[in-house]
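Look at the two complexes coming up: chain A is in both, with chain B in one and chain C in the other.
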Partner chain A sequence: MSTQTAPKTKPQIAFFDFTSCEGCQLNKLNLENHLLEILEHVDIVEFREAMDDKADAYDIAFIEGSISTPSCVERIHDIRRRAKILVALGSCAVTGGINAMKNLQPIEDVRETVYGKDKYLFPTLPAMPVSAIVKVDYEIHGCPMSIPEFLVVFKALVMGKQPIKPDSPVCVECKLRENECLYDRGMVCLGPITLSGCDAICPSFGQFCTGCRGLVPDANKNAMLDILTDHGLSLQEAEKRLLLFNSYKQPDTFK
Partner chain B sequence: MSKNLDINVHHLTRVEGHGNIVINMKEGRLEKAELQIVEAPRYFEALLKGRSFHEAAIITSRICGICALGHQIASLKATEDALGLEVSEQTILLRKLLVNGATLQSNVLHVYFLVAPDLLNAPSVFPLIPTHKNVILRALRMKRLANDIGDIVSGRAVHPITPVPGGFTHIPTAGELKELRRRLIEEGLPDVVETVKTIKSLAGRIPDFVRETEYISLQDKNEYALYDGEIFSSDTGATAVRNYRDITSEFVVAHSTSKHARHARSSYMVGALARWNNNHNQLTEISLNAAEEMGLKPDCYNPYLNNVAQVVECAHCVEDSIAIIDRLLELGLKNEKPNQTPTKYGVGIGSTEVPRGILFHEYEYDRKGNIVFANCIIPTGQNLANIDDDMKKLVPEIIDKPKKDITKQLEMLVRAYDPCISCSVHLLNVKFINDSED
Partner chain C sequence: MNKHNLLLQNIPDFVAHLQTYGEVHAPCQKGENSFSFEQVTDPSRVVLDYARTLQSIRKYFLPPTERLLNFSLTDNTFTKVAIENNHRIFLGVHSYDMKAVLKLDFNFSHRTPEINYLKRRENCTFIGVSYEPDDYHFSRSVGITVENTEGFDLFLDRHENGYTVQVLTERGTEITKDFTALGEALEIPEISRQFKNKIKFNYNRLPEVMEQSWNSPVWEEVAQRCVGCGTCNLVCPTCYCFNMVDNVDLKLTDGSRDRHWDGCLLSSFAAVAGGENFREKLASRQRHRIYRKFKYITDKTGDPWCVGCGRCTAYCTAGISIVEIVNRLSDEFEQTHLRKSSAPVGQKIQGVSL
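Now for the complex of A and B:
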């Protein structure tokens, strides 16, 4: 009976990994309780980490990782041409993430630190979010990407709807969970200027917000620096903390 | 029968990261057999420079999504060694529980989802869902259990939240641990028994290939070493962790963005099989019975059987997690604050076993608690030279087979190591360069 109502073609989806730890892809495989249900509604046509198959075109392409080498640039253009909808998955793809920290140091120094005299063997570019190279239709933030947010966006796209994007800071979700503020516990936290959507998971487990989801729109960097320095960080330490996951947007682009 | 062979597998599938397998044989002479690592370099050692000890493990966790916990543990141990931070017995027990969870998760993922399709001639696990639904559901249940250890103890299995230098930011409740214990006994142990049966039924399809090499792992006089110990080589015996550079001697090769390593021979192996060869006598009965049933014997020189050793470790991790929880409950959980007051500044080294093998982090801190130097030695990087050496022995032995069979067997060889290319930089794909010879 069930085959009667099933649509003839399910959305063809694919997953691609660029410069990253592949933790976001792993997080999808960690959807153990939902994985088989998800697979009933889509066809995964390309997912190198899990399968041999390749495909020519995709309804939805999920991109994990930053663009950081000349071959990444070629690959992402190629995928964009063949994808109806392109979704950036996780901090590396959305903001450049932790990879972009290397942009803060002279690139020759970075290469030499790791490869010494052999540094010229491996070409590199500044680490960039996917949107620096091609049009990105949707973004799923976080390091790793948040699973609930992935499910919301995934379901919306499969049903042909527009996913809603959060624009409030992590503090809002942290208050909703009735956590004691980490500042009152003598810690410093980037919750006030970091985009919500993670359900304040780190502060809820007693750890400071690292800013992994990127900044809220119109983030007030100077006020954040004031808070951090009022709570014991030097200005230099405060600036470094702010850049942990948000190095791609240079400080002078802050308001 | 001209014995010419060109294989070039571009971006090998079902491995973590980007790698290529390249084989060139001309008139029976093997000119090239290498796993090329083409993962984009990440430059973590440079990223760590100038970063505070509060941030080091947050950053190094991002080296790898699969081994995130292992990188955190090695990082925390290096930082604690450098800054003179003592940790409590409760902290060590909770970390060991996390290591078991991460090892179980990774080994289940690898054996069921990445290796089993080869043994069943499927291109991925997905076509196996309708035909082997109960097996897939069991694998998912085991993965969920393993990840729940991570979620409950560390806040999140991928990029754990609570482990910090000197302890934890959050302690699980006794009720949470009791529930985990119940599931380990009621789901974990029976699922391990069934897993052993499944693998036993497929064991005949694992390629028969033997090449003895040097096996390196941690060794702990008190237990099967996953969290701590000293370095042990099957060739040269024990070495203190502080002398790790004598063992790893890293070097750069042009075909790999991940550095290679060698010690007593041209290459060595790390990972589950090395741990099995070096430390099998410390496993308890359930794990040893599992090994016997699947036909894994001590001093095993077949790298493909690394996957069987991974299943043996699944049994160990479930069993040992129950014992750790019992000990934690017996001690009574204390709401300890992490000890983050440095007693010194300088160089520290942390080593731990991650699913793919022995991992080292070394940091030097200045007097402000910021990193001035960092070095991370990754298991997959250590295995790369060994994989190349395996391929050099294997290709001539199977050269009379059709090219597609040779390619598959090479891909399976690389996969057997469960390479983590993001970690080592990222892994590889194999593609045929020239298809004129078959």
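Now for the complex of A and C:
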């Protein structure tokens, strides 16, 4: 900051990607109707998928992707040091996402399968959420991240307020929309223990919930496994469904 | 009381006739195997033979989400959102859902009146219909028969070829008098429909059972099977708890205060500032739900606040049954607090020649 009376500056925000499909970042560019309004409030100073510029410090850093290599660890520490507020964007960053399924197998086997004889050139780690390495201030769930939730967090941060964190399951949103329960259509759905905030978008269009937003706090996983097996899944299949987006959370705590 | 006969083939015409008096809302097919109250545009879509709708008609008076007011952050002002209350005719309401509305009327007019709810309750006509109790209905156990006409302007009682139409109010007369296809009521012997699902004690004994059940192991056993998804609250026709959220637009200049349904089974329902949660455990939340239906308001009014629609049980993915919970508590109460009879009832009867 200069010593002169500076004009009121907008918060400087930046986007970073780690191990991910970059779909969450793309999802932000899909905010077409809102992009100009968003830019009224902030300056985007770094966003690899959309621009070349780089910056030294950020008011808000948005992080996409899980941490899965030693260089990821180094980079996320560096970003954290330069960011006032750090927000994890999307399943991979928030829970480790589907990347963490690799943690269920010996890491050396995974490395060999992916890189073959060149595996020694590519050091790897079990996939971790950003919060496993640095302090994360806010999380935006979903695969890809939920746009409405992004806007809620964005608006709150720009206004200097605490965003409301959803903690009820997807069933709540289905009931508010008066959706027919997918269990009554012969499907099995992870809605009962998956964090809401997506407006039950999948069940509303007839697709059962795969649990991309992660589990509600204190989820009763054993009861969920009972529900899945009572509705026709084998225990093995039921556990696999639960692990799809929740592998990072110590798989051996499942029954 | 006037009675008429309405043949099945005349129902679409009857619906069309009702539409001349106001919006008609009736059960229609929803999804693959469900029904939902919807505003009728095509009378042939109305389904009067149905087990239950996903949501009761409470959704019209206490909407799932509702904007209460709009505010401006630039000049610190707010305006209340106007409440619409067009003439509405609810066709095909079951007796338990009607009773639930009467209970909500009590909740929302007692002490601090809930203006939005009461405004929406104006200008409503209710036409009841009988139903065949399925495995989940247990209304009889909470004092509501299938044929209970309380609250209705008209009641349609099913018989083989159609319905016997009971005219119960002046409004009922008004909306039927010009409908020429109504015939003379048939002589049909009264049938009382039987319920398969039953609470074992009379409902007036349940507050006493609940009084003794605070420390029952049943709560923890139920909690083991429960995922706390809140479905039982959100489909309950007598649940009315809500949460409020302020939302701002992306310009950050204007916003709205919105209300949405909440449920006491959800983990943060009883969480307060400072991080305390009065019902952190699922077992205590299950107990609270049951007490809300059979004890707290019952102590004040003498009536159970459950209407026996069976939704909480029919829509519970974990298969938790409210009747089973109440019956297990009753069994426990019987074993620990009632004098044990010397022989089971069946054996006593054996002594008498039947």
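Everything below uses one rule, namely that the second predicted complex is superposed on the first by the 243 of 255 C-alpha atoms of A that agree within 3 Å, B and C clash if a C-alpha of one lies under 4 Å from a C-alpha of the other, contacts with A are read in each partner's own complex, and residues count from 1 in each chain.
Note that contacts are C-beta pairs under 8 Å (C-beta built on N, C-alpha and C of every residue); 3 or more make two chains touch, one makes a residue touch a chain.
As the structure is a computational prediction, the values presented were derived from the model and not from experiment.
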| item | value |
| --- | --- |
| Fit or clash between chain C and chain B when superposed on chain A | fit |
| Which of chain B and chain C A:172 touches, first, second, both or neither | second |
| First (chain B), second (chain C), both or neither touched by A:191 | second |
| First (chain B), second (chain C), both or neither touched by A:210 | first |
| For chain A as apex, the angle formed with chain B and chain C - C-alpha centres, to the nearest 10 degrees | 120 |
| Partner chain in contact with A:19 - chain B first, chain C second, else both or neither | first |
| Partner chain(s) touched by A:164 [first = chain B, second = chain C, both, neither] | second |
| Touching partner for A:77 - first (chain B), second (chain C), both, neither | neither |
| Touched chain A residues, chain B compared with chain C | B |
| Touched partner set for A:48, first chain B, second chain C, both or neither | first |
| Smallest distance from any CA atom of chain C to any CA atom of chain B, in Å, after fitting | 11 |
| Common interface residues of chain A - those touching chain B in one complex and chain C in the other | none |
| Contact set on chain B toward chain A in their complex | 11, 13-18, 38-47, 49-52, 55, 58-59, 62-66, 68, 109, 113-114, 117, 123-126, 129, 136-137, 140-141, 143-144, 147, 155-159, 161-162, 164, 169-170, 252, 254, 257, 422, 429 |
| In the complex, chain A residues that touch chain B | 17-27, 29-30, 32-33, 35-36, 39, 44, 47-53, 65, 68-69, 71-72, 97-99, 101-102, 105, 109-111, 113-116, 118, 121-122, 124, 143-144, 201-202, 204-207, 210, 237, 240-241, 244 |
| In the complex with chain C, residue positions of chain A that touch it | 34, 37-38, 40-41, 151-152, 155, 158-159, 164, 167-169, 171-172, 175-181, 183-185, 191-193, 216-220, 222-224, 226-227, 230-231 |
| Residue numbers on chain C that touch chain A, as the complex places them | 30-34, 36, 54-55, 59, 64-65, 223-231, 234-235, 245, 247-248, 250-252, 260-261, 263, 266-268, 282, 315, 317-319 |
